[in-house]
Every structure is written in C-alpha cells, then in structure tokens.
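Two complexes come next, and they have one chain in common, chain A, joined by chain B in the first and chain C in the second.
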Partner chain A sequence: MTELLTGLLQETVSGIALGCIYALIALGFTLIIKATEVVNFAQGELMMVGAYVNFFFVTTFLSNQGEPTIGIYLLAFGSSIIFAVAFGWILDWVINRPLKDEPIFSVIMATISLSIILRALVGMIAGPLSLVPYSPFGNKILSVGGIVISVLDLSIIFSAIILVILFYYFFNQTKWGVAMQATSEDSVAAQLMGIPVKRVYGLVWIFSAIVATISGILLAPRMSLLDTSMGFLGLKAFPAAVLGGFGSITGAIAGGIIMGVIETISMGTLSFHFEWIKEMNDIIVWIVLIAVLMVKPDGLFGEAKVKKV
Partner chain B sequence: MLKLVGIETYYGKIKALHGVSLEVKEGQLVTILGANGAGKSTILKTISGLVEPEHGTIHFEGKRIDRKDPEEIVAMGIGHVPEWRRIFPELTVEENLKMGGFLLKEKELLFERMEEAFKHFPILEKRKNQKAGNLSGGEQQMLSISRALMIKPKLLLLDEPSLGLSPLLVQEIFAIIKELHQSGVTILLVEQNVNRALSIADYGYVLTTGKIFLSGTYEELLDEEKVREQYLGEGKYIRRSKLWSGG
Partner chain C sequence: MKRRYEDVSLTWIPVLIVAIFLLPFMLKGMTFSYKYYLFVLNMAGIYIILTVGLDLLSGYTGLISLGHSAFLAIGAYTSAILVDQVGIPFILSLFISPLIVGLFGLLIGFPALRITGMYLGLTTMGFGFIVKRLIIAFRVWTQGAGGLEVSHPVILGFSFNSDWDNYYLIFTCAIIAVIAGRRIGKSKIGRALMAIRDSEQAAEATGVHLAKYKMLVFFISGLFAGVAGVLFAHTSHFISTDHFDILLSIYFIIMVLVGGASSIYGAVLGTLFIVLLDFLFVPQLKEVIQGMFNIESGDIQSLLFGLIMFLFIIFHPTGLYGMWLKMKIYWKLFPFNPKKRLI
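Take a look at the complex of A and B:
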C-alpha cells in the first residue's frame, strides 16, 4: 500500500513538472487568443524552434571545448530570448497584422501552415537526425523521503513559477500590462484611450514567443532527444487551455498541470495495475477533457461569458 | 475648432455617410440628432479615426486628422465616450481611469486627474477597487465620461450618453454634460433624446440616412415642422392658425 502511495506521489511530482511545460505552452497560446482572438496552432512549433535555437547557441558558444559551463548556458539562454523577441515581432507582421479581421478559418489555416513550414524549415537546417540536447543539470537527482525528483524537473517547476509571477505582476501592476488587458477586453475602447493597439498586439506575440522558447529550452533535456516532432506536444496545449477555461491565464496554468499529472499517473501506476489503461494512455486526457466540458462547458476556471450586443 | 467637409464613410460596400459637412466652434455644445441608423455614431467614429472616410476632410484646430490613427487623434485632444459606454468590465474602476490617462506621461498628473474625477463622482471613489462590470448603468456612464476626461480633452465626443438609463439618471447625465460645457469643454453630442439634447445645445444638426438634412439653433430647429414631426414625437404638426382653415 505504501508502495502504491509513494508511486502515486512520485508520479504526481514528475507529472507536475511535465504539466508546467504544458502550462507554459498553454499560457503562450492563451495570451494570443485573449488579446487578438487568433488561435495559434503553431504554438508547439514556436517551442520547438526555441529549443533548436537554444541548442544552436550552446553548440556555437561551446565550439568543441568539452562540457558547456554555466556561463555558456546563460549566454545561450539570453541569445535565445533575443531571438524569440525578433521571432515574435516577425510573426506579428506576417500572421497577425494581415489576418487580424479576416475570417477565423483563414487565420487557422495560416497558423497551421506556419506550423508545417517551421517544422520543415528546422528539419532542413538542422538535418534529419535527432540531437542530444545539453542540460545544465545533467542527471542529478534529489531524493526526499523515498520520492525522487530530478534537478531538471525542479528547475522546470521553479522557472514556471517565476514566469507566472512575472506575468502576473506585469499584467496587473504595469501600465502596459493593464493596457494589454484592456485591449483584449475591448480593442475599440482601448483605441479611444490612446492605447496603440497594434503595438500591444505585437507585444503579445513577442511575449508568446518568449514563453514558448523558454518552455522549449526546459522541455528539450527532459525529452532526451531533440527532433522536430517536439512541436506536436503543442497540441496538448489545447486541451490544457480548454480544460482550465479558454482565455483564462490561471485556467491555462491549472489545466496544464492537471493534464501533466493525469498523463503521468495513467502511464505509470494505472497502467501497471490495469492492463486496459495502457492501451488508452494517448486518449486519457481527451476523455477527461470531454468529461469536464460536459459538466462545466466553460472549463474549470472559465466564467460563462454573456456577450453583450 | 473641428470641421468636417464632404465626409463619405463606408462599412464594406455600404455607404454610411453621404457627404457630411459640419462644424464645431470652440466652446460650443453641438448636437447631432437623427433616427437609429442615420449614421450619427459613424460621424463620431470617423472623427476619432476608428473608421477611415473614403472621401472628404476633417480638420481639428487647423490640422488635418482624417488619415491619422486613433491614438494620434486622442493625443491631439479629442476624447470619445462611445455608445453603450464600453468601460472595461474586468478591470477595476481605478484601472479604467488609469487607462483613460494612458497618454499621460507623469504619474502625479494621472493621480491628480483621478482625484478630480473622484471629486466629481464620489461614487466612483467608493467603488474604485470594484470591477467596472459590476457598476450600475449610470455609474458606468459616469466612469466612461470620467475616463475620457482624464486627458482633459479640448473636444469631447459623446455618443448617446443617455442610452439605457432611467429617466432620473438621464437627467443627471445631462446636468453633468451641461456642467462640463460650462466649464469650457467643447462638446459634440449625439443623442436620440432630441428635446433634452437641444435644450442644452448651442447648435444642432439633423441627420437622415447619412446626410445632414437640417441645421440650426434650438429655436430655429424647433420652428421646423419637419423636426417636430419626425424627431420630437408630436405627430403631424398643424399650425394653430391653419387649424380652422383646413390646412
């Protein structure tokens, strides 16, 4: 019995770490949909690009000098963030601005095309082989009362918490953050306040690219192999965002973590004890999603919005 | 101060304004009257840059503004209180006011203006930490007006401020507008409440299906039979002198 409990606890901890990644992808995704009403199906690919770019920077700075040092990791991280800023800015001009008021179908097709193009481009540039990503944390683990947690997982959880606090502070305490909220609530009224709405949209895309890049950098070492299919993980951001409540930032984070935990437990203890669950691992989150939506159509943290005419 | 010449605005292929020309002089309270769908709101939206006119020019204080972005137009000193108030419902009252002062560079000035707003509308101060969506209709209208006043606009565009308010609140809102006007703000007011609007206005324009159809002072417009028939709700107007002659 205690064995089962420690097993579950163990899986919960690593599920939370995985869930933090989902939460970050869902966060990037929610930021965009909230502010600009564009559904960005390429969010997972943004993350994948971020992971590759970071890998590229690490190898470039390393230039065959053995193991990378902390300095190199930080330098690569900083460069990747600078790249993310530029990337988000370009996407705003390529995807967001031209398609802002176009039918939702065009926007969906554009972001899906973008995801395919990014996957192919990265594949072309990086080559067909999977890469072994560097990790500043190696395989170090901590063990607390029989529960083992890798330093990597800890750092993922830690970074996610810091990011969320930063975002929370930005959105609620700074002028531009509140302006972003105002824009997503009513872009016309925001324009009448003198808020440069187009610049706000650009900022949202940049933020989203930064969050995606950070989640890519964190996720890559956890996957042990880096290849372009990593972007497909982004698809899990959708159920995470919907589970928590579409368009709610708290919802995206909670939804992501819940999904990560469910997935890990179902792959671990549940599959071990029930043979049939093993077969359903891939669909279990979707089943949970439908079950939640049946009871709470607006998601766990979503508020039923009545659109005023 | 504000001059529109031959403004034509389209929504897609639908022509909403068919060559509107009007003028607002400094210190005036000018009102635009007209039925639903006549294009009153479109005039205001065209002035503040939310929609771009196809033809015609708009000058504000001698500068042409009809190709500028809304944020530039606000920065020039045109405040706009939109139809249905459009406060930010999920933001607090205080945050709504801060957004109204988005263009103010100095923090002290922002807080000074906010104090002024609270002095004018003490109810807003009481509710400053509440979500604006939870305010009553009248309070929301006060918030919407105070929000637009944060930048001390030279010209204030008011789009149907009495919409959806109880008669008592309508009275209050009109008193506020009158007070604003007396304090020196130039106002362009769009209203369906013709009697009230004209009673406080210096000059009025009557709009039908995207065209200016009449214009004049309160007295002049009241004299027009057509205005009384169509907008003052008095039905067919028959001059007393003609009553017995069958005219």
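Take a look at the complex of A and C:
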C-alpha cells in the first residue's frame, strides 16, 4: 500500500514537471488567442525552434571556450531570447497581419502549414540526426522522503512559476499589459481609446515566441534527445488548454498541470496494474479531450461563451 | 421531365471519360516508364475519391477535419479483414466497408453537432490518433504495427493484378465519385450545406435541419473515404498504420484548399496537382537541392506543400479552380474587360 502511494506521489511530482511544459506552451497560444483570435497550431514548432537555436548558441560558444560554464549557458539563453524576439516580430508580419480577418478555417490551415514548414526547415538545416542537448544541471537528483526528483524537473517547475508571476505582474500592473487586456476585450474600442492595437499584436506574438523558446530550452534536456518531432508535443498542449478552459490563462496553466499528471500516472501506476492502459498511453490526452468536449466544452476554468446572432 | 439543375455544357464530360480510358495507351506509346506514371495516377485516383468527400465536408459545410486519414485507414483495414479473413467477395466489400466507415463518420458527426471551428479540428485530430492506436491494439486481426498484406481485387473471377488493371477499376470509381459529389453539391443537400457554412443561425431559421444535415455530410464523407480506403488496401497489397498519419490528413486538406474549397472540380484539380507534384517533381527537386547545397534535404515535400498552402491562403484563397474561373471570365469578355476584379 505504501509502495503504491509513494509511486503515485512520485508520478505526481514528475507529472507536474511535464505539466508545467504543457502549461507554458498553452500559455503561449492562449496569449495569442486572447488578443488576436488566431489559433496558433505552430506553438510546438516555435518551442522546437527555440530549443534548436539554444543548442546552436551553446555549441558555438563552447567551441571558443571549451569547458561549459554557467556563464555560457546564460549567454546562450540570452541570445536565444533575443532570437525569439526577432522571430516573434517576423511571425507577426508573416502570419498575424495577413490573416487578421480571415475565416477560422484559413487561419488554422495557415498555422498548420507554418508548423510543417518550420519542422522541415529545421530538419534540413540541422540534419537528420538527433542531437544530445546540453544541460546545466546534469543528471543530479534530489531525494526527499523516498521521492526522487531531478534538479531538471525542479528547474522546470521553478521557471514556470517565475514566468507566470512575471506575466501576472505584467498584465495587471504595467501600462502595456493593461493595453493588451483592453485589446483582447474589444480591439475596436481599444483603438478608439488610443491604444496602438497593431503594436500590441506584435508584442503578443513576441511574448508568445519568448515563452515558447523558454519552454523549449527547459524541455530539451528532459527529452534526452533533440529532434524535430519535439514539435508534436505542442499538439498535446491543446487538449490541456481545452481541459482548463480554452482562452483563459488560469485555465491554460491548471489544465496543463492536470494533463501532465494524468499522463504520467497512466503511464506509470495504471499501466502497471492494467494491461490494456499500456496500449493507450500516447492517446490518453486525446481521450480526455473528447470527454471534456462532450461533457463540459468550456473546460474547468473557462467562461461559458454566449454566441450572439 | 424536369431537369434538376442546369449545367453550362455537359458535352465535354463523355469526351473526358473517353480520354481518361485511353490515357494508359497513350502513356504506353509515349514513355517506357509508363508503369510508374500509372502507379502515380492510381494514387491520384484514390485520393480524388477521398478529397471529393472531404470537400463536401470541409469546403461545402466548413467543418474542418484533421483526421481524414483515419477514415481511409478504417476503410482499408475493414475491407482487408472482411475479404481476407471473413471471406466476403471484393465486390461486396466495396459496398459494405464504406457503410461501416460512414457509421464511424456518424460517430464523429455526433460531437460535431455541439462543437465547431478549432474544437472540431482538435477532435478530428484526436480521432485520427486514437484510430491509429486502436488499429495497433487489435493486433489479432490487424497484425499490429507490422502491417497487413492484402489480396488483389477480384471481380467475377477477373483478378486485377497490375497497375494497368487497377487503373480502370480506380478511375471507374473515381468518375462515379466525382459525378456523385457534383450531383450532391448541386442538389438540395449541397445548398443546405453551404447555408450551414455561411451562417448556422440563418440556415436554421430558413428551415435547414442542422443536426440532420451535419450528420448526413459526415456520413457521406465517410462513404467516400471508405471507397478510397477499400481501393487503397487492395491495390497497394500492403497496409500499415505508418501510412495513415496526421501529415496525410493535413495533405488532404491542402489538396482541397489548393484546388479551391466548395467546388468538386477544384478538389479534383488540387489532388492531381499535389499528387503529381509529390511523385514527379519532388524527387527531382531533392536531387537538385542535394547537389546545390550539399545538405540532406530530409522533408522537402512537406516544406514545399506547406509553402504552397500558405501562399494560396494568403494570396489566392479561391484556389486553382478560382484561377480557372477568373481566366474563363477574362476570355469571355476579352476586349472589354472591366478594370475591377470580378472574383
């Protein structure tokens, strides 16, 4: 019995770490959908690009220095963020502005084609082989009362908490954050009040690219191998966001964490006790998605939408 | 007798059908590698059947489906099991298997009554993943991830052994599918579907039964995909779950949108364009890129299709068929073209 409990606790902890990644990806596209109503199916690919760019910077700096130090990681991190800012700004021009008032079908297909373009491009530039990502934390683990947690997972959880606090502060306390809230409420009214709506959209895309890059950098060492299929993980963040309530930031975070825990527990304890669940491991998120949409389409924290004619 | 709908001119349709049936002979006379071209055309024919159904669903009704390769997979596996393990003749399976796929379409159509837009895209995508996994899980019948060998199609004792024979089988079905799709699109059903796409509220207010028509279009779309699946299984002799992944579903949507949504001929054009590009142009492009940049051009195919899709959505949302219509109008009015664009 205690074995089962420790197992469950162990899986919950690593599930929370995985869930934080889902939450960060979901946060990225929730920001975009709130402000611009563009559903970004390429969020996972943005994350993958971030991870690859970070890997590129680390290897470049290492070739000059030799020994990996904490300074190099920080430098690479900073460079990746700068890249993300540029990337988000470009995406705003390429995706957001041309697709502003297009029907939802076209928007979905445009972001999907962006995702397959990015995946193919990165695959071509980086080569077909998987890379072994660097990690500043190595394989260190902490053990608390029989529950083992890797420093890597801890770093993911802490970075997620810090990012969420930063975003919360930004949205509620700064001028630009309030402008963003106003834009997502009603873009026409916001424009009439003198808010530069187009610049706000650009900023939203930049933020989303930054969040994606950070989650990519955090996730890469956890995957142990870096290849282009990392982008598919971004697709799993959609069911997570729907579970929490699509389009709400609280929902994105809560849904992501819950989904991560569900996935790890089904992979661990449940698969151990029930043979047939082992077959269902990679589709459990989709089953949850369909169940949520059938029972409570607004999710756990979403507001019920009333459609006006 | 009252005609149901007026087409501008139908005389070219028999001509086209005769041309399609003479095409293999022309290819044989022209090139030595005609067998490869026939194989490519067969692939295009199968996908045309599917995209006509997908066009009714996504183009006419505006319901996005990112899991259509799952319908193809269900059709293929159902027919393979029915023919090889149950022992039903192929010709019967050609009618029964699509019906079963149609029932699966109803299964997806049921949640689609409540959810639309992006949620439907996610649901169908999830359906695709789930079906793929379930096929592997039922390994007693499907032999799991290893794939399944399928027998040749046999109709009334005649066995379709080569690409040449398959060509006639596939294109007979494809022509029937295109004509059926066109009739459905021009009928009361098609108009109801377009009304639903343009505004659900307005459609319901004018007496279109939303639930009935949505379920119906999912069923019809499943039927078309089922026929394509049966033909795919029996003409390629080997099916495995690797073939039916999410990328294939995305390619199907790309075919429909590049051709021009909500026109059946558009779906045909788009499918031919993408499949011919895929099999005839992409291999050459791969070699060129490898020669020029000396890099592994891994997934040049999806890069190309993604770019084509993207450019079409932004610069020419009406697709290839829209281009054709524009050209037709231009030449009709030739010396007196208005300055303003008509389409």
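The definition used in the following text is that the second predicted complex is superposed on the first by the 299 of 309 C-alpha atoms of A that agree within 3 Å, B and C clash if a C-alpha of one lies under 4 Å from a C-alpha of the other, contacts with A are read in each partner's own complex, and residues count from 1 in each chain.
Definition applied: contacts are C-beta pairs under 8 Å (C-beta built on N, C-alpha and C of every residue); 3 or more make two chains touch, one makes a residue touch a chain.
Because the structure is predicted, anything quoted here is derived from the model rather than measured.
**Student:** Which of the two partners, first being chain B and second being chain C, lies in contact with A:V242: first, second, both, or neither?
**Tutor:** second
**Student:** May I ask you to decide whether A:I70 touches chain B, chain C, both, or neither, giving the answer as first, second, both or neither?
**Tutor:** Touch status of A:I70: no partner.
**Student:** Does the superposition put A:E279 against chain B (first), chain C (second), both, or neither?
**Tutor:** A:E279 contacts chain C only, not chain B.
**Student:** Now for A:L192: first (chain B), second (chain C), both, or neither, which partner does it touch?
**Tutor:** first
**Student:** Considering only the touch criterion stated at the top, classify A:V144 as touching first (chain B), second (chain C), both, or neither.
**Tutor:** In the superposed model, A:V144 contacts neither chain B nor chain C.
**Student:** Counting only touches as set out at the top, which of chain B and chain C does A:K175 meet: first, second, both, neither?
**Tutor:** first
**Student:** Which touches a greater number of chain A residues, chain B or chain C?
**Tutor:** For chain A, the partner with the higher number of touched residues is C.
**Student:** Where on chain A do the contacts from chain B and from chain C line up?
**Tutor:** Common interface on chain A, chain B vs chain C: nothing in common.
**Student:** Help me check something: in the complex, which residues belonging to chain A touch chain B?
**Tutor:** Residues 175, 178-179, 181-182, 185-186, 188-197, 308 of chain A touch chain B in their complex.
**Student:** Please give the residue numbers of chain A that touch chain C in the complex, ascending.
**Tutor:** 39, 98-99, 102-106, 108-110, 112-117, 119-121, 123-125, 127-128, 235, 238-239, 242, 246, 276, 279-280, 282-283, 285-287, 289-290, 293-294, 297, 309
**Student:** Which stretch or stretches of chain B touch chain A in the complex?
**Tutor:** Where chain B meets chain A, its residues are 48-50, 69-71, 74-75, 79-80, 82, 84, 86-91, 95, 98-100, 102-103, 147-148, 151.
**Student:** Given the complex with chain A, which residues does chain C contribute to the contact?
**Tutor:** My answer: residues 58, 62, 64, 66, 111, 114-115, 117-119, 121-123, 125-127, 129-130, 133, 136-137, 201, 247, 250, 253-254, 257, 261, 295-303, 305-307, 309-310, 313-314, 317.
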